[in-house]
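Chain naming follows the written order as A, B, C and D, and within any one chain the residues start at number 1.
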Amino acid sequence: MKNISIDLNADLGESFGAWKMGADEQMLEIVTSANVACGFHAGDPLVMNRTVQLCINNAVRIGAHPGFDDLSGFGRRRILNPDSEHLSASMIYQIGALAAIAASCGAQVSHVKFHGALANMASEERELAHCLVSAVKAYDPQLAIVAMAATELQSQTEKIGLPLLREVYADRAYNDDGTLVSRGQPGAVIHDPVMASDRVLQMIETQCVESINGVKVKVVPDTVCVHGDSDGAVLMARELRRCLEANGVQVAAYTTR
Amino acid sequence: MKNISIDLNADLGESFGAWKMGADEQMLEIVTSANVACGFHAGDPLVMNRTVQLCINNAVRIGAHPGFDDLSGFGRRRILNPDSEHLSASMIYQIGALAAIAASCGAQVSHVKFHGALANMASEERELAHCLVSAVKAYDPQLAIVAMAATELQSQTEKIGLPLLREVYADRAYNDDGTLVSRGQPGAVIHDPVMASDRVLQMIETQCVESINGVKVKVVPDTVCVHGDSDGAVLMARELRRCLEANGVQVAAYTTR
Amino acid sequence: MKNISIDLNADLGESFGAWKMGADEQMLEIVTSANVACGFHAGDPLVMNRTVQLCINNAVRIGAHPGFDDLSGFGRRRILNPDSEHLSASMIYQIGALAAIAASCGAQVSHVKFHGALANMASEERELAHCLVSAVKAYDPQLAIVAMAATELQSQTEKIGLPLLREVYADRAYNDDGTLVSRGQPGAVIHDPVMASDRVLQMIETQCVESINGVKVKVVPDTVCVHGDSDGAVLMARELRRCLEANGVQVAAYTTR
Amino acid sequence: MKNISIDLNADLGESFGAWKMGADEQMLEIVTSANVACGFHAGDPLVMNRTVQLCINNAVRIGAHPGFDDLSGFGRRRILNPDSEHLSASMIYQIGALAAIAASCGAQVSHVKFHGALANMASEERELAHCLVSAVKAYDPQLAIVAMAATELQSQTEKIGLPLLREVYADRAYNDDGTLVSRGQPGAVIHDPVMASDRVLQMIETQCVESINGVKVKVVPDTVCVHGDSDGAVLMARELRRCLEANGVQVAAYTTR
């Protein structure tokens, strides 16, 4: 596996005011790109500033992680029929706010990963995905979009022509069509760090993953999503990085600009 | 009064969600620069987007109007002892959000005018004024700061070296030291459009204004603050512009970049 | 039409902070019961206090008008899959907040009308309607629920056994099944105050309304919803009250306790 | 120390949405009364509902813990010149929201303890303290007010005639006038659970506490404030309760109604 490189990303900067969330310091020593909450579902200007500085200190690539304007629901509730001009402006607002904080620290935002219910809706709804990607393009066409395989978000990113970062999950089972098995289903989540790491290694090596039904599904991983919201999650992320490097995979940020 | 030019500014984009505020469409035909609320004390992404587009259509210069994170108080309540890193990041967040929306429309933000209680505190408190101006500089040192004469904000803007737009009021009486007479005081507010316009004309012509005590006070007006929150306010703004132009003063946006 | 009495209700107290909405003073001289926003989609403690005092001064019955926790969307956006314990607690929180303000003024809350997207969802979704009505009952089983005919909300109110106020609309066309014609459809909204008033008179007299297809549909009106968000709306409400009284219908608050 | 009884209170229910705060389950096995956040600076309807149920399960008295409408600042920032009608309505809103949730669970609110910056201001400012206590009285004159000795809040509670719960701190040094030594000062905070417990025992036994200058200061403790925001805090609370009971002091909720 010479010359193979993979990006590890995590959702960070999700504290808010007096409330702490996530093991950001530890995670920023493991991952190579961070999806930073932008104040609408989590995060606030101070948290964003500190997260950006931690990213810079750890040479981690900075991405925006915009979501619905739903602090009390942590952006996890689907809000129907968003007005497209409003949604578009909301995305640009959030990304721009983070970009300004990054600029004031001498850094820049390189990618966008949508959060929670908004991301789920963007996977399924063409018009919504189109609105989101178009908004990003209107602001900065060099920003990469993080998208799962087999989603409307991936299609629209390709169609509209923004850099695409194809994302895989270390700890989730896949359906035959390349989508994730829903969390409620038995076997949906993989808890064993070694098994999860082996799966990612296999994805990188073979560009395939075995679905929950035993079918070989094609995946092209640019970036692996890891979690940092519990001690177990941090351990898994650390084991994944160790395993990848031990097997000759370079863990490094994607390069789009 | 050949070759004399003055800028007219107003606080705009102060609607929020379903709530409308201000005669923005009419005001944007009168003023030459707009201070656009950035979502913390008023405004929201959709309102900001529409306000920016109206500014572009009317060739009005776009400024950011950041305030305290106090929607229920409209940014008019003094919040004590703000943490300086937090305050700084809050300013950059708000300005950056507007800058991104402007960028997505092909425009840019050119100045910053602080709002309400934050502006009042920045007039009086050196450390706070220093924090605010430094934050703007860290983000973009080409942004101009709108400041009243004889304030800490003006001093810090000059000291830190950002472009300064010296602001005067058409409808307010002045103290002998160049500060405004408090609204509570008798004679503090000038209601007659003709009298207000004559005062501004005199300020431009003589670089002086007569204080409430009859003392001549030096003022150097770069921009005149006008209001657009009532029919009377719109009429006064319109009369001011008419009067200035009738007397040979060019009403045009400031030029700093 | 001897001894016939009808209640007129309107959504009021929808201002927020510095933002004004609605002709509350005028409307409170026309209606007999008010649905007061409770701070989640509109209203704030000060607005609630003033609205309650206006209700008392006009002898208008006070009702709670709880909605989704969505100030930026004015409670008009459907938020999916609300957790039932959360939703229930949200309703009790809002009603209780208003009840306390009313109590401090020597008044009480007598009914509950759900707002916006929440009301629309409660019309269609049995489980949601059950959750809402059960929450009201857990707090105070004497509170009446305002519900449209042929809705899940009406069914659940009857099943759970809370006082029911059957609501009709003066300015909306009806489908054959007693539901409202969607606003998008031609003929959905009746703009002529006289025609609207005649329809309500007919509903009261005959307990029937002619549907958009000319079918006679049974309606039992306890309360008529009127609007106060524009000059035209206030005029229609005033004409409705005048017409009812001129035809011997007593306009008076419902009596459930 | 026969027949002596003391109340232990803690600020609880300070989680918000996805963010957890405080060891509420453990603390509710130690304390006898809880100050429950009401959604303005912390807490939300779901958190309030769960906290109330935990209080009921542990036979802990329920109090309201209202604060400034400042979620991002956790109610710790002083907001100047609050309009008294607004402030009064805000208090009644918060207390009433909690009272309704308690009522829906078959319980009731028995006391009010103001939070953070609002509590600090109420200690110092007569007019503000008067406004707060009057608001509580207007809603329910049987609610007890928790107040520190030598504060405007205590004076106003006595003057207005509401039940008063005099509060002492286990882990804080006192000035000669009965006020707390500011946190910044050396020796202001007592970290040793045994020493803190001994001090409380002495306060109960002698109605005196030794000030930081060695002066005996009179204190009449009705309730002791304990913290639950860290493992150390929980340990101190547990040791305090153990020590009190070992010395024959009954740890039990206050009785005012």
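Please note the rule applied: a residue touches a chain if its C-beta (ideal position, glycine included) is under 8 Å from a C-beta of that chain, and two chains touch if they have at least 3 such contacts.
Owing to the predicted nature of the structure, the values given are computational and were not obtained by experimental measurement.
Touching chain B and chain C at once are the following chains: A, D. Two copies of one chain, chain A and chain C, touch each other, and the residues they use overlap strongly: the shared fraction of interface numbers exceeds half.
The pair A-D is the one among A-D, A-B or A-C whose contacts match those of B-C for more than half of the residue pairs. Chain D has its Cα centroid 44 Å from the Cα centroid of chain B. Separating the centre of chain C from that of chain D, both taken as means of CA atoms, is a distance of 40 Å.
Touching of two or more other chains is recorded for residues 44, 72-73 of chain D. Because contacts link each chain to all the remaining chains, their graph is best described as complete. On the side of chain D, the complex with chain C involves touching residues 39, 44-46, 48-49, 83, 85-86, 88-90, 92-101, 103-104, 135, 138-140.
Considering their complex, residues 69-70, 72-73, 77-82, 117 of chain C touch chain A. Considering their complex, residues 15-21, 42, 44, 71-74, 76 of chain D touch chain A.
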